[in-house]
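Each in structure tokens, the structures are laid out below.
Heads up, the next two complexes both have chain A, just with different partners, chain B and then chain C.
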Partner chain A sequence: MLSSIRPKKRVVFFYLLIPVLIYVFSVFVPLATAFYYSFFNWKGGPNKTFNGLENYITLIKDINFWSAFGHNIYLVIACIIGQIGLAFIFVLMINSRYTKLKGIHRTFGFFPSTIAAVSIGFIWSMIYDYKRGLLNWLLDLIGKGDSAKVWLNEPKLVMLLIAIPLIWQFIGYYMVIILSAISSIDQEIFEVSEIDGANAFQRAIYIVLPLIKNTLLVCVTLCIAGNMKAFDHIYVMTSGGPGRSSMVMALYGYKVSFGQQNMGYGSAISIGIFVLSLIVILGSQKLITYFSKDKEVA
Partner chain B sequence: MEKQSRHMFSKVFVNLILIIFSLSCIFPLIWMFYSSLKEKRVFNADIVGLPANPTISNYTKVLTNPDYHIYQSMFNSLRTTFISIVLIVTCGFIVGYIISRIKFKLNRVIYVMFLMGMLIPIHSLLVPIYIVFKNFGLTDKWYTLIIPYVAFGLPIAIFLVEGFVKGIPVALEEAAAIDGSSFSRTLFSIILPVTKPILTTIAIIQTFACWNEFSFALVLISNTKFQTVPLAMTQFTGQFASDYPKIMAAMLLTMSPILVLYFVFSKQIIKGMVAGAVKG
Partner chain C sequence: MKRKLLSLVLCVTLVASMAVGCGKKNNNSATKDTNSTETATNETKTDDTKETDDTTTDTTTTDTSSSELAYKGTINIMHFSTSEEAQGNGGSDGFRTMNQQWADAHKDIKLEQNVLANDEYKSKIATLAGANDLPDVFLLQGMNTKAWADQGLILDMTDIINTSPYAAQYDLSKFYPFQYDGKTYGLPALCEGSCAIVAYDSELWKAAGFDAFPTTWDEIVSAKAFFDDKKVTEVAFGNRDKWNMNSCFLSTVGDRFTGSDWYHSIIEKTGAKFTDQAFVDSLKFTQEIFQAGVFNKDFNAITNEDAREYYIDGSAAAVIGGNWDISYIGATLKESDPELYARTKFAVIPQPAGASGSTNTHNTGMGYAVAINAKVADDPDKLAACIDLAYKLTGSDFSTYVAENYALSALTKVDSVDMSKFDQFTTDFYNFYQNPGCEIYDSFLTGAVWDVLNTDLQTMVNGEIDPETVAANAQKAYEENY
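Showing the complex of A and B:
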């Protein structure tokens, strides 16, 4: 290699300095700071008292935190089934030779995923609104007006009602990802299988599914990471309510830190979120690689 | 005969399902648009009907009342998004290239550090980043949000550039070096144009990410002078309470840059976002 391809150390250092500084300052410094403050009883003011592991003991016993974690997991599962499942079905439909307007379905279907989560949250709060909501209007239209509700005030339904916009927003996103994976499959495979008499269902399960398995696993990973950080929609739609029945981890950390000004405990919660999310993300990845290897052997 | 009618049935069924889905994706937008042309009273009486007497009064009210800070928040969002993207693309390009091509002691350390950024659950930084920014006096500044947005955008950008540069033959740089081009000159006038496709992808992904980002703006910005569009939206809904047509007008106005961008460049945007997601 020539010397000018290998630049002077000074030059490399100069180029890397600013990006690395910005990155370390926004990611590692906050993590270290949160770790430090998590051992203190600190209300955000100038006074703080060291209380050892007390925050973490509270965290482990904090039912609210664990139920928020449960809601994150609920969203992850609902979205894996709803988003990737529906996206896969829609892709098969789009790819069937009957379908018209393929380009329109792509463009329209993808559209919601480019909109801010905050806007999606507002749009759906309007849909769920008691007096002026589309949902109650629709129920009225089909003669079921008496089952109209103040939807987002129903503790038992609220998580489902929050999952629906989340699922809806990203179906098109996963649809396009899966579509691009399928379009890279050799068309001859489909033709041959059709000549061999495989019907649409058999083709989907035995040919398409195995061939795009890796893409589907990427989608699952995206789904998990995306839903562990759920915040915006819920902040807008219910703010975690009614009560705490739609609280998720990030929102709980936010409420404790800013609502109750309990920064010490808020820091401990942040560390808790960090560790739990990492476990879920890494754990699911291990599972995925384990299962995909297993199948290849069989 | 029976087979034919079954084909006919599945044809109608498949198309119908897809059309319903596509319409559901676009209908809220259309509903918001024509509803925003209604007066509050008219809307409350009939939430779905088309406006009999369309009026733009909601828009003029939103645009002329300085309490809503609509120009200010749109300007803030544009500035934050633009500067963040320029920085993400430039820094991502430089760091990605160096990591891919130059051997030095800390190469692996820096690579792994940025790679970890794609794994670190960023939302766990929400409260910690507030504490750090508060301690350094960095909250509520015009540049506040640019710092985390660049930091969170860098890992994927670096990763994409690094992968792309691997596919460029080293002969290109060697030839440039023989011709006496310096490292920086080769970097910007020879490598940069070659990597344009991947840099465009990065810019597309980050435009939407920065423009739509809400949670970090929420904790780091409390002064309305520096609030971005998503923050302003949470304010509208508070201020307008149940005046839905007005909220819709405000939302559509603040969404307009993204809407125009999307429907003009939808092909490139979809391609870019998907490429970024799959490779990342």
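Showing the complex of A and C:
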């Protein structure tokens, strides 16, 4: 029965060929060429000289790169807590039987993730603007005008301030994923737990969380991958500034490659981003698996 | 069966189109033959005979390029004179007009223009240079000359310049940023510009007790209380994009401390260092004055476009910017606030206390030049057409156009400009250029030095790093990359 409707192998092959080719050209070829160029002293143009591992030695000693890596890790942690954590809470609230107009909540929650990152950057730049910004206007309105700041020129605050638009943008995205995971849980489990006297908090921690653990793991992986390559809205809002206070790895790689026209070292930075992202993603997965196993045994 | 065939055909077409798209790039990346330059130059020399002098308004007709060129294909040109940029900006308007006139005079040559805003242009042209895929004709920024010449990306235009129909009229000092190793790689384009002009509301400063804009920063600081009372920012400045503090402030202030010889020595690598005391003093002054409260608080978070809006809407009594900002301010105020337009005057950046290298200077020059991709030399006919276009964009047609319509000067000298038809704003702006000039720092060296210095400057004015460290980092980048 199944074999009669299954398409022939060559049809499957042709259908797959196009996305595979696009994937190869847009991911593997650039990665492989970046790896190749990372062994050269190359300032752009046709002339380049092989310099072995020199770019990687520079990369290891480059405090600007490691500071940018630190900022990426900050973003990852802020976004795991902010995006997935808040999304989880919002989903539980939306799923509550007391909530009205669930569809509207879902739609408006998801809406920001459909906006381009550059537009998000502009919108939040306007919110943070010193003279005409919403934030300072609000502070002024509640009589806290003295607390008004040039927000994006505060080196100690700027990472948090650029994390907020990212969190805001993607809460809805994770809400949709978590919502679909929760809706697949058998309703009877909730009903039984309610009869047993479990409150909403206990249901969330002891029933929902363990049952959607794998989905959350996917969310965490997506969140890490997304934030390790953060670029667009930071470029628009601060260009990595003030100074290098909001510099992330991708932006640093871009500035080295095109601002400083140091393509060889820029390629080494790209490979560095790739390797570090893999380590962080795999490391976090191992960590989560380790802790969840531990809990199960206990 | 038909459906299968159709899907197969569609798949093959899609894959084939991808393959073609990917392989299209380097269709003429064969060997470079720089010897063909000379032949082509000789061909274009014949174009100069029909030059006309009656170029008066934007309906200017030209004969310079009307002679037949052998080339009948496509020429790609990339520049940043967008239609928005051309509003009130003589250089951009003139550049666009010359492009259009040349295209109209050569209907059988397809002139493909790729026009981007300046910031995007700089990123894209650097990317294309990295990929060895520059357009046929483009605008070369002075600081890229050495690196791109070393890579063989840009055509040596020395002979083309020497044999130009306008050679006798060229202002030779303008070629300096585009010269390397005894060769010249571009024809300086657009207009002579200043990067550090103070535009100020003369009435407001008069009320503060100054008949003209203060000549020292101490006076500016002393006027702070007056402007604070009025809730008006004394001087607006925007440095979000980081290059502004270098181009529009430090280039001039640095010259005031070090004198011009110091920077020439940096360019020619004859011993000067960024760590020299005079330059460090200029950094110290920069840090102090930006922390003195005379600028808008958000100078590090806004762009130069925002800063000039502060002046336009009356929330700042003065603004420091480049000639592109002044053009915009003029064009906007003329329409929206003719009174402020009439009150607006110009001044050089005031003298810092303790600076003895120079006085009254402003960093000026021509930051970009029309350059030709070295690969074009493979096709002598195409090269002849590109040279013809380059002459048109920088020759006497262009200079006459910008002189007569905007009172601006360019590479090719114009005998005299009738100033009687211009209003006070334009006349004052014209007179501003009588002040002594100094070099624009980032027209020279390399982006690798400026990226480091500009980033550190932004941190420094926030008080997060000291001027000595900024100077040491710049010196390190200079030694490693230049």
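Methods note: the second predicted complex is superposed on the first by the 261 of 298 C-alpha atoms of A that agree within 3 Å, B and C clash if a C-alpha of one lies under 4 Å from a C-alpha of the other, contacts with A are read in each partner's own complex, and residues count from 1 in each chain.
By our rule, a contact is a pair of C-beta atoms (placed from the backbone, for glycine too) under 8 Å apart; a residue touches a chain by one contact, two chains touch by 3 or more.
None of these values were measured; they are calculated from a predicted model.
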For A:111, is the partner it touches chain B (first), chain C (second), both, or none of the two (neither)? first
Which partner does A:206 reach: the first (chain B), the second (chain C), both, or neither? neither
For A:33, decide between first (touching chain B), second (touching chain C), both and neither. first
Between chain B and chain C, whom does A:291 touch in the aligned arrangement: first, second, both, or neither? neither
After the superposition on A, what does A:50 contact: first (chain B), second (chain C), both or neither? neither
Which of chain B and chain C A:263 touches, first, second, both or neither: both
Residue contacts on chain A - larger count, chain B or chain C: B
After superposition on the shared chain, which partner residues are touched by A:9: those of chain B (first), chain C (second), both, or neither? first
Shared contact residues on chain A, chain B side and chain C side combined as an intersection? 11, 18, 22, 25, 131, 257-258, 263
In the complex, the residues of chain B that touch chain A are 7, 10-11, 14-15, 17-19, 21-26, 28-29, 31-32, 43-44, 47-48, 91-92, 94-95, 98, 101-104, 110, 113-114, 117, 119-132, 135, 147-148, 150-152, 154-155, 170, 173-174, 177-178, 181-184, 186, 208, 211-212, 214-215, 218-219, 229-230, 233-234, 237, 242, 244, 247, 251, 255, 258, 262-263, 266, 269-270, 273-274, 277-278
Parts of chain A lying in touch with chain B, wherever the complex brings them together: 1-9, 11-12, 15-16, 18-20, 22-27, 29-31, 33-34, 37, 90, 93-94, 96, 98-101, 104-119, 122-123, 126-127, 131-134, 137, 168, 171-173, 176-177, 180-181, 215, 218, 222, 225, 228-229, 231-232, 235-236, 249-250, 253-254, 257-258, 263, 266-267, 269-271, 273-274, 277-278, 281-282
Under the definition above, what is the set of chain A residues touching chain C in their complex? 11, 14, 17-18, 21-22, 25, 43-47, 128-131, 150-153, 155, 238-245, 255, 257-263
Per the touch rule, the chain C residues reaching chain A in their complex are 4, 7-8, 11, 14-15, 18, 22, 123, 126-127, 129-132, 144, 147-148, 150-153, 240-242, 297-298, 300-302, 310, 315, 446-448, 451-452, 455-456, 458-459, 462, 464-465, 481
